[in-house]
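Each of the next two complexes has subunit A plus one more chain, namely subunit B in the first and subunit C in the second.
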Partner chain A sequence: MNENREKLRSLLTDVLLLGDGEFRFDLKRTDVDAWDSLAVVSIAVGVEETFQYHMSAEEAAAVQGVADLMKILEGQAIRF
Partner chain B sequence: MKVVHEAEVDRDPAQVTRLWAASESFVLAPTRAGSGRSWLTHAIALVPESHGQRHFGLLTSGSAGDPKLVIGSRARAEALAEVIHERQDNDPARQTICLLPLSYSYAFVNQWVWSHRFGRRFVTTAGFSDPAGTRAALEAARDAMVCMVGAQVPLLLQLFPTATFPGVVRLHFAGARFPQERLEDLARAFPNAKVFNNYGCAEAMPRLTIRGAWEAPAAQDVGKALPGISVRARDDVLQFRSVYSATLVVENGVAHAIPGEEWIPTGDLGQVAADGTVLLTGRASEVYKRFGEKISLPQVQTAVQGVWKGHAALYRTTDEMGEGAHVLVLAPAPDDKELKGILALLRASFARPHWPLRIESVGTLPLLPNGKPDLRRLADTARRSTVHWAQRY
Partner chain C sequence: MSPLLDRPPFGPRDDEALRREMAALTHFHRRACPPYAELTKGLGKPRRLEDVPFVHVGLFKQMELRSEHASVRHQRVLKSSATTSGTSSRIPLDDESSRRQARSVVAILSDFIGAEPRPLLVLDDPRSLRDGGELPARVAAALSLKAMASDLRFVLPPARPVRWDAVKAALEKSGDVLVYGLTGILWAGWAAAAIPADVRGRLAKARVTFVHSGGWKTLEAPPVTRAAFEAALLAGTGKGSQVLDYYGLVEQVGIVYPLCRADARHVPVWADVIVRDPLTLEPRRGQEGQLQLMNPLPLGAPYHSVLTEDVGVRLPDGCPCGRAGRRFQLRGRIPQAEIRGCANG
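This part shows the complex of A and B:
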């Protein structure tokens, strides 16, 4: 796993309290009860601290899964 | 007694108007009622016939975090809305934008009942779970009144760091600590809004005191009781009597009518100054609010002890934003598997505000002579404890 993939996995595992083996790169918001509106904000803050990218409110709210998050970050030249 | 869930109201907001006009009493239940429908059915069965007409019910959390059905009179709620209107000088507001679940007594009375009583427009939003929609509603506001809880302020400033909402003319807070230290940020975001702090509780249905943000320098000063309401402190516990209070509470399988002359505990600790100013000093017992949610430390501890066989205790603290929070302390230190078991339990059993800020361990829990954990010493000892997990953001 490259460094950015591991950073993203670690971030989401922490914010969503995921257990071993629960994280997947195809994980969707609807798969995890804990991915609520407060988690949306926590993820946005975590992305800024981890990847130095400030997500807009619209971007943060539009994220429906890990894939969307990776797509946004890839748009900022962050490779996974 | 008719039961309506918030999701139904979201689809058809006019439904509340029809319910309010009809004689039959109704209960507005949260979409994600932790209590479950069977609990509500049982609670409603305990409501006497005398409350079957012209009343309304809301669900809240009891002192131990258990569900509680609070029944109020529509006539009292409308009378209280008139008092709130006067005290907050709400007349210039032509509409109100709802950023909170409507089943909160704060949103329901301060906003919906007010809008109904004074013929003002009621604008629904999905709150901060839909930032774009909320921003659009705030930007489109014209002479609007908005009600928030203090915990929403950091979210608002995070989501809309440079936005201004000049169409909001009244901005009210309740439900948690008043964001006194963020008033400058709020003045920038809402340049034309007069800001008020509201204090109360569900049994008050819901308002006890109101003060303008400019009227006192400290968040714990919540102003004076409204006309028709008395507040006193007994052994530092705040109690109230109100002509607008709820009329009945169903809790722990018992329906308890509230006579007008009864002093009712607010669930808060505080003092009442000689001039009638109410000063909050903390939350009573071990129940407090985080992000507007009532947190029961005993409930969290009980759940944790279901998967953790060592000692556990929780102490109160504040997070980086000054919001109340709690820390879970274990003794002895958990191994990796035990820690993961606790984290899995927290996620499965509780919404995020109930999760501890950190999970720490100490060699031995400091105890009081009665055998209970000495929380004051624990908070001090915790500076030297091991942190096993912490909310990172």
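This part shows the complex of A and C:
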């Protein structure tokens, strides 16, 4: 796993309170109970801290799964 | 949803409507939380607001009270800051109460700082949001402003200065920003900090609203007065900038008591503050005493009526600031109460 994939896995596992082996890169918001409005904020703040990219409130609210998040970050030249 | 939330927060009070809601909520928690039912066994239906049973805030450090009901969907646990004994209060949050609590905070604070959304800068560690399903009270306080924010940035990394680059980025997008921090953090991190010249230039043209909560313990050596604190924050900020201090407890999440220019803390119509004799716990009128706080918002646990360790006095209704309704002054903490870094006025 490349470094950015590992950083993203670690961030989302923390925020979404996932257990070992529960994280998948195809996880959707509807798959995870803990992906609530607080998690949306926590992910946006965590992305800024981890990848130095500040997500707007609209961007953060529109994320429906890990793939959406990766797409946003890839748009900022962050490779996975 | 409490119908009282539909009213202006500082308009005419309807304490009979509040009593009815508090009585119904007390009944709900007695059915949904067996330890609470045991604690309040033998107490009748509250006929006055003073009769609503209270739980001492210390109990939330000793046990996690939780109300279980089909209508309650629990989320994370809200955790107070550590006390001198090393214990924290733990308050279970739930979906519906969180919605009510967010609406309450926005209504109360909007009356003081306006409702227009603006970027929110939080002087706290971004990693505080990732605490294994627990939410520190100071972060919850910051996030209670989220509904008033068009954008959100946590700008204080651990053991480092404020991220002035992030502050500047927010100021580049808007000349009107909200800044939240605990009183001590706002002092050390912002008021007493060396702000870079390019950020100072932006701040001079911006309307900055500083919102802070929590006590002044960390500002006691050397002592910092409220006037000096506010002057330091506002120095070099643009027209219309202001500082707002509010009192709130983790055990009363959703209710904040802002301090007005007449040195009074205002109570919204959907909450109440009762002053009690610290020895007999009888209600006191016109005298200083121990504060009981109540509100009809929480479903997930019986923290709708709590006896605090804080001391205050109710002031006559009607305030020189123009707000109607109930108000009080915070005077300190009861002797030998644990220092938790809050509520010493």
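The working rule: the second predicted complex is superposed on the first by the 80 of 80 C-alpha atoms of A that agree within 3 Å, B and C clash if a C-alpha of one lies under 4 Å from a C-alpha of the other, contacts with A are read in each partner's own complex, and residues count from 1 in each chain.
The rule is short, and it goes like this: a contact is a pair of C-beta atoms (placed from the backbone, for glycine too) under 8 Å apart; a residue touches a chain by one contact, two chains touch by 3 or more.
Please read all numbers here as calculations on a predicted model, not as lab measurements.
Visitor: Sharing subunit A, do subunit B and subunit C clash or fit in the superposition?
Guide: Clash - subunit B and subunit C, as placed by superposing on subunit A, overlap.
Visitor: For A:41, select first, second, both or neither according to whether it touches subunit B, subunit C, the two together, or no partner.
Guide: After superposing on A, A:41 lies in contact with both subunit B and subunit C.
Visitor: Of the two partners subunit B and subunit C, indicate the one touching more residues belonging to subunit A.
Guide: The larger set of subunit A residues in touch belongs to B.
Visitor: One more residue to check, A:79. First (subunit B), second (subunit C), both or neither?
Guide: Touch partners of A:79: none, neither subunit B nor subunit C.
Visitor: First (subunit B), second (subunit C), both or neither: which does A:49 touch?
Guide: A:49 contacts both subunit B and subunit C.
Visitor: With the two structures laid over each other on chain A, which partner does A:19 touch: subunit B (first), subunit C (second), both, or neither?
Guide: First partner only, subunit B.
Visitor: Identify the partner contact of A:71: answer first if only subunit B is touched, second if only subunit C is, both if each is, neither if none is.
Guide: Neither partner.
Visitor: On subunit A, which stretch or stretches are contacted by subunit B in one complex as well as by subunit C in the other?
Guide: Overlap of subunit B and subunit C footprints on subunit A: residues 11, 14-15, 17, 34, 36, 38, 41-42, 44-46, 49, 57.
Visitor: Touching residues of subunit A toward subunit B in the complex: what are they?
Guide: Of all residues in subunit A, those touching subunit B are 11, 14-20, 33-34, 36-46, 49, 57-58, 60-61.
Visitor: Quick check on the complex: what are the subunit C residues that touch subunit A?
Guide: 75-76, 126-127, 129-130, 132-133, 135, 143, 146, 149-154, 157, 166, 169
Visitor: In the complex formed with subunit A, which residues of subunit B make contact?
Guide: Where subunit B meets subunit A, its residues are 127-132, 135, 155, 158-160, 291, 340, 343-344, 346-347, 351-353, 355, 391-393.
Visitor: Okay, in this complex, where on subunit A does subunit C touch?
Guide: My answer: residues 11, 14-15, 17, 34, 36, 38, 41-42, 44-46, 48-49, 54, 56-57.
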